[in-house]
Each structure stands twice: as structure tokens, then as C-alpha cells.
Amino acid sequence: MKILVGCKLVPEDQDIVVQNDGTLDTSKAAPKISQFDLNAIQTAVDIKKENANATITALSVGGKKLENVKVRKDMLSRGLDELVVVTNEKYENILPHQTSKILSEVAKEQGFDLIICGDGSGDLYAQQTGIKLGALLDVPTVNGISEIVSIDENKIIAKRALENEVEVLEVPLPAVICVSADINEPSIPGMKAILAAGKKPVNVKEVVVEDSALVDLVEIRAPKKKERAHIIIEGDSEDQIAEFVNNLRKII
Amino acid sequence: MSEDKFDAIIVGGGLAGCITAYMLANAGLETLLIEKGNFSGSKNMTGGRLYAHSIEKIFPDFANEAPIERSIVHEKISFMNDDSCVTMDYSTKEASNNEDKSYTVLRAKFDEWLAQKAEEAGVGIIPGIRVDDLIVRDNKVCGVIAGGEEMEADVVILADGVNSILGEKIGMVSKVTPHHCAVGAKEVIKLSKQQINDRFACTDKEGTAWLFAGMPSDGYMGGGFIYTNEESISLGVVFGLHNIEKASKSIPQMLEDFKNHPTIKPLVEGGEILEYSAHVVPEGGLHMLPEMVRDGVVIVGDAAGLCLNVGYTVRGMDLAIASGEAAANAIIEANKKSDFSKNTLNKYVQNLEDSFVMKDLKLYKELPQFLDNERMFNDYPDMVSGIMKDMFTINGPSIPMRKMIMPHLKKVGFMNLLKDGFKGVKSI
Amino acid sequence: MSKLSNVWVFSDTYSRLAEVISGGLELGQNVKAIVLTEDESKEAFAYGANEVFLIENSDSNNIVENYSKSIAKVIMNEGKSLILMPGTKRCKSLASLLSIELEAGLVTEVSEINIENNNINCRHMVYGGLANGLETITSEASIAVIASGTFENIQKDESKTGEAQKVDFVENKNSIKCIEKTSKEGSSVDLNKAKSIVAIGRGISKQEDISLAEELCKVMDAELGCSRPIAEGEKWMEHERYIGISSVMAKPEIYVAIGISGQIQHMVGAKDSQTIIAINKDKNAPIFDYADYGIVGDLYTVLPAVTKALKG
């Protein structure tokens, strides 16, 4: 069984700095694997545990940051057999309609039984790329998968948790599924996995797609923070708690 | 590279660990380095100054390539009390000999560079993993255990820092107690290159090292320091933890008060705090060195207590590097003989004894006791400051200088002065 | 703001049809609804849809996404324009499928939307709530998946009726079968309607200690909420009580954060509260940046004392 997993690098959001004018400075935010893609990789790894002949190949599209050896090793240390990357400066901040096109070209060339993606990515969380990929590849596609019940070479039975109900779905293969963050707890790579990562293959592909003018990202800006009184009492002695309660009485 | 066994595994990717790993890999050994932080340097800290001699030996002209901050050409030592400061100032041209130089460094950058050199030499580096235990068979250390996985090696080098859990587990290192360590706390404050040049009288690539005794450590053993980096200064205090019960304020408060001292305040004006860090430093010196070698294992760097305490500053980096070199040389020989017994690995200790590491530790072994004397950090700063004040205050008819100085000396006590004078000379 | 001539609306959930029709009425002169049942057809007319298209299919094993080709066909026949859908899991997936069928630009989690020169400007949250992205859709067909609360509530008018145009189901070779459906236990909790909320975070160390916060809720007549680790991690409280970017985005008058550090993914769901009060033992916790009133202390000391003081 050939499994492909979509994998995106996103900036570490704790290190993103909001500038005075509201624009974001991501220069100090080191690239990391999007948390939801770790769920997707773990899903593939769990399937492989039950299906020894399965192979897992991660696909990633990005700009210069994707050329970083450490980050590639990090991806490979998670249980992948191979990593395929498409790197191009122009692809640094592409949007879902382009990403899905590039991924579909690579997926067609690689061939697959199952493609697993996260529901969305940790940066823009548009929640589009996985489904668009399935539509472009013209295979059954669904999101929100919260549990894999069973899988064989013809189909996958999976649960999907919606707002008010849980559906059990039968998805014929080949297919694309997007998994939710609740599906599993990604495991942390151990020493041997990290060491082995250095020996796994990385394939670099060139794919060119024209930017179809469907959506323009005009800007990203942090909203103005509401002015707050910031009356903070430092300490929890009886007097201080009494002072705090006095403050509260004014508003409660 | 066999996935089952390595020639050497190093636990800890700081200075001692990276140097040992680098040298072993260069000598052709299959070497693995495991660092618990996400990258080398992420868990390391220094006040700021690296004496280049030991690393120059291993990486000649390293300063051209490594991320050093400034080369120190301007030394200042001060006695400081709450509202005044007496300073001795020495400036010079940069030394012509590379080994005589010293540089300010920022560990996150520096260690990362050093780890990269090690990787380029062939060391396998595993970041982000903490080693939980050692594999011991028949009293011989044969490998490490991390996250339930085992990795074997002919020899394990413990470079896991001042609180060597592994060293303790195996019974070679005794638990760190407040009596034998100091705490260093510092802020890295951003200033422009020009501001640093102006305020500390240096030129672009050159810098100042400034040490303070007295008020910065609340009158107890320790001191304050300022080191100039390229575009920031490292400002902090060191405090001998054995006095913590007597201290009148917390260490963060000492740092705050030091920063706000009238001498220091204008120097940090307008600076933005980039980083706040603190670290424990082993201070036991010669008296507290652990067992350094056993079958299949050696201990290097801070984990081996190899820090030279000279009271208001503690030198650890250059000793760590030299200990890494000493260990690597011993292990290379052991590897040739395929003999990793304590006897053979003991060459490491011999190498240390032959180097400045042990020689300096022995030389200065009485200095900490001498310095740990309340007069050092209270009476003497007051005395010197008092003398200066009288000398430089003109108000009405002047009195002879000796008559000005005497009362201040008397305050400290002539016997004390003599005692301290003798002891001081002996300890250095 | 200008209006489009036509706006398409679709909802996979009965209760959210009103919302998208409201949006349609705001943004377009003519609202065309696509529905899957007769009931929805009546509902659509009652809320003000001008035209309704009913896709006929009796296969109960269909999931909503199987209708993508049918929906696309209606829109292609009748004229491409803006399509509004509510932000449910299924509609997000359907939206992406339609975006490929119709070559339509798509933005999800839209919290603000307007029309300018026939282009659709949309605002949505990025980086876990840290910032807003502003995107403009320029394609002929466009799709906006709307976050709840974006459009005003509208009233039903049962007198408005109409006849839905019946449309055939288009076979979809990529259909997925739903072989079982179980209802989740609905929760009656709606923190969006609460005037005051008391929320607990990781500072609460044992499940039994939640009662300390419940006591304060009684005194303040507040609803109990929590941060993600309490609901999704420890599972001590239901999903509907957790406040944050992937759950409740509340705007109460008073918000009390107890033992909550104040990370952006949580605060984005609480930062529009009128007054924010924080209790946390770490004076550097980000929550204090958002607080009007706060106290740095142990919640196990402060909370019972505060509850007692407010009671008496």
C-alpha cells in the first residue's frame, strides 16, 4: 500500500513578533512541521504498523526554508520512508489553490493508494488544500477524520466527528483523507529514528504551475488590542486579596 | 556506520562535549553526541568571556570563523558600594599572539557553531533527546538509555553539565549542594554598536570586560560583571550560594540593584532587554572534584566540576575545552589498544594534570576561601571609596594625605589588613 | 458597499440556513438557495430566499459532499456568482470540492465580508488567532465559508412561500457512503449567550477542584468555561465549554480567567470581553496583558477567599 502524506513547514507561532503597525515579523520564527501534519504522519505510521508492506512518502511544497537539512531530517525522523520536496522561492507563501495543484502533479507521478493530510495548516488554517487535492486527482475525498476503523486494499472505514453527530464512512481507495487534530497523539521521535533519518532519501522535484488569479492575499495584520486597565495586584496576602475583591465589587 | 554500536557516545553538546566529539571524529572514531536541548547552546550560559588559548589549539584562527562578539582589550576592575565605585582601568592593544586573546561570546550562537564543526567532522548529532541512564555491565559502562531505547558504545563521555544526573546515578559525582556552587544571573541588553563603543571606550571589533566587587553581590562572595558584545552587553551578578541565607535580597533583586547603581545606570540607558538567563556554576574547586574515570566512562567539563573560581568571576569555558581535548586524546589511545578500562582511560586525568586545568586549580585552591571574607566585599570597597572621596573633595584647608587615609584604614583594622595582606599574597 | 445581482446559499445544517440567507440578503439583490429537503425549501423561502433549487435524491447513505457535482451543475446552468456556506466541517469540504468544479476562489472562516467592484473582500483569522488575513476573490464564481456571528439574525416570515425548482442528482463516481450515524449528546450549554463567564485552566490540578470555580459561578451567576487542555486534554469538561479558536468565541461582559496562562489560541476566544479579570500565580503570564483587573497569587488561596467575600 503506498501512502502519501502532505507536510507543510510553518513558522513557530510563539516567536512571531507583532510590530507596531500590526504587521507580523516571522524572521525569528524557526520553521517547524505544522502540528496537524504530525497527526497525518502519525496516522500513516499507525496504518503501517498493521500493514507491514505499506510505504510512507511525505510531500512538501515550500520556499527556501524547505532546503534546510535539519528540518528535512526532522520530517524523516517521524517514521517516513521517503521525503519528496518541491522547493522554489516563489512558493514561500503560496495559497491552497496553488499548493494543491503542485501536490496533485507530484501525487500523479508518485502514484498512491491513500493520501493523508491535516485538516488545515498551522499558519493560515484555510482548511482547503487536502480536499482540493482530492478533487484535482478525481478521487473520493473527505475531511474531519477522527478515527480509522479499518483499512484494506479496496477501502478505508473511518469515523468523522461533526458538530452534532459522528458519521462512520466507507471510503473507496484510492482516496484523500484529511485528519482532525483529535485523531491521535503524534509520538516524539527517539534516538534511533533521529539517527535513521539521516540515511533516508530526499527527492527534489521541479513543478511549475501558473498562478491562477482566483484569490489575492492582500495583507496579514494583527488587530489592535483593546485598551485594558491593567490593575494587577502582586501577591496573595489577606490584604491584597481584600484589595482585589474591592476592585471586583466595582464591576460585578 | 553501524546502527548498533558506536566507538564513543557523548552526553551533552556544550563546549566540553562538542570538543571531545570533534576530536574523536577527526581521529576516525564513530562518534555520537546526544544533546537534550533543541540545539547546542540552547541550555548553556556564560557571563561572557572566553579565554582563547584552549580553543585556539584545536581550531587555529577560530576567531575568523566562529561567532565571537568582541576581542577584549580593555579591562576594568571596580570596588563598588551602594553609591560609589572605585575602578582600575587597563587598556591595551590587542595581543599579537592568538593564544593570548580573549573574546566575549553568546553561547547560543557559539555552541551552535561548534556543534556544526563537530557534525562536519562526522559526528552524528541527536538534538532534543535527554539521556535517562547508562548501560552498565560488570561494572563497565557500555552505552546509554534514552526514552526506552538503548545505544551501545565502547566508551561514554559525560559532558552533561553542572548537575550531572548521570554522574550521580553511577556514583561518581556527588549531588550538587549550595555550599559548592554559585549562581550567575544576567541580562543581555541591546545597545547599538556605536553606543557600546561610546559608553565603554572601544572600537568596533574590540571590547571591554568589567568586573565589580562588593555591592553587586550584596557584600558577599561573588560580584558583578559587564561584558561588551557586538551589539549588546552582558550584565550580571554571580553569588556564592553558601551565603544565600545571610543575603538581604534575592539574586534577581541584586541584579536589578546593580543595574540601577548610579555608575551603571547611564551605561544601560535606552537599552532593550533581549534575554534574561541564570545558571548554576560548580564552585567547589579542587576539593570537590568527582571521580573522573571508570571502566568505559569519563567525565568532562562542568560535570567534572572543572571551574576555576576566582571570587568575582568563575572561569569554566576554557577549562571545559581543555578537558574535552584531554579526554579525547586519552580515548583515542584507548581505542587504538581496544582497552577502555579505568587504568587506560586514566590517561585523561594525567593529561589534565599536565595542562593548565589542574595546575590552575591547584594554584588558586586557597583563593576562594581567602575571598570569602566579608571584608573583601564590604569593608574594602568602603575603605577605598572613602579614601577616594576624601582625596577628591576640596572644602577649606587641605590636610596631609596620610592623615586622610589613616582613619579609613583604622576602620577596617590594621590587624585585618595585615592578615588579609598575608593570606592574599599566599593564595595568589 | 455594493451588492451583487445574485448570491447563492447552501447549508448542510438546518439551523444555519438562516445565517447564510441573511448574508445573501445583505450582499445580493437576489438570493438563490440550494437545498436537499422539502423542509429546507420551506425554511429558505420563509427567511427570504427569492429562488430555491431542490436536489432530489433518496439515498440516505449519501454524505453531503456527494452532492458537489449536482450543486455545481445548478450554479453553472443558472449563473456563477458568490456562494455562501456556514463554517461547518462538511461545508468546508464541500466548498473545496466546488472550488475545483467551478474554478472558484475560496476563503474559509470568514468573519467579515464586503463587495467592491464585483470583487469579494474577506477577512479571516490566521496564526491561531494572532492576526487577520485579508483576501480578495477575483474569480467569476466565488465561495465564502462563514464563521458564525458574521451576519445579523433575521426573522422568519411564514407567509413567504414558494415553489422550489426540482433538480436531478448528478451521479458522483467519488461518492462516499455513510454506513452509520450516531448523534452526539447535544449540549444545552451556549457560552455565547452568557453574560459572565468563569473559565479555568491548567492551574487547576485535580478534577475535584473545579468545584471551587463552580462556587464562584453561583455567586456571580456566571457560566463555567475552560481552556483547551481541560476539555480536550483532560476531558474534565465538555467541548462546548472550551473557549478558544477552535470552539467558543465569546463576548461576555465579564470574563474571569483562573489558572489560565493566556495563550493566543485561548485568548482569541475571550479577548473581546468587556472586562477581563485574571488570577494566576505567574506574574509573567500573558493573561495579565489582557486583564483589566488581576491578582498574582495561588488560586487555591485566592479563589475561595474571593468567593467567600463576594457571598457575604
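Letters A, B and C mark the chains as written, and numbering starts fresh at 1 in each.
In this section, a residue touches a chain if its C-beta (ideal position, glycine included) is under 8 Å from a C-beta of that chain, and two chains touch if they have at least 3 such contacts.
Just so it is clear, the structure is predicted and the values come from calculations on it, not from any experiment.
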Centroid comparison with chain B (C-alpha atoms), farthest chain: C
Pair sharing more residue contacts (C-beta pairs) when A-B is set against A-C: A-C
Identifier of the chain whose CA centre is least distant from the whole-structure CA centre: A
Distance from the mean Cα position of chain C to that of chain B, given in whole angstrom: 55
Inter-chain centre distance, chain A versus chain B - centres from mean C-alpha coordinates, in Å: 42
For chain A paired with chain C, centre-to-centre distance based on mean C-alpha positions, whole Å: 21
Touching two or more other chains - residues of chain B: none
Junction residues of chain A - those touching two or more other chains: none
Contact set on chain B toward chain A in their complex: 3, 32, 34, 124, 126-129, 146-149, 151
Of chain A, residues touching chain C in the complex: 13, 16, 18, 22, 24, 96-97, 122-128, 130-132, 134-136, 138-144, 157, 160-172, 178, 181-182, 212-223, 225-226, 228-236, 238, 240-242, 244-245, 247-249, 251-252
Contact set on chain C toward chain A in their complex: 13, 63, 65, 88-90, 92-93, 95-97, 99-101, 103-109, 121, 125-128, 130-139, 174-184, 186, 196, 220, 232, 246, 254, 264, 271-272, 275-278, 283, 288-298, 301-302, 305-306, 309-310
Residues on chain A engaged by chain B in the complex (per definition of touch): 188, 190-192, 194-196, 198
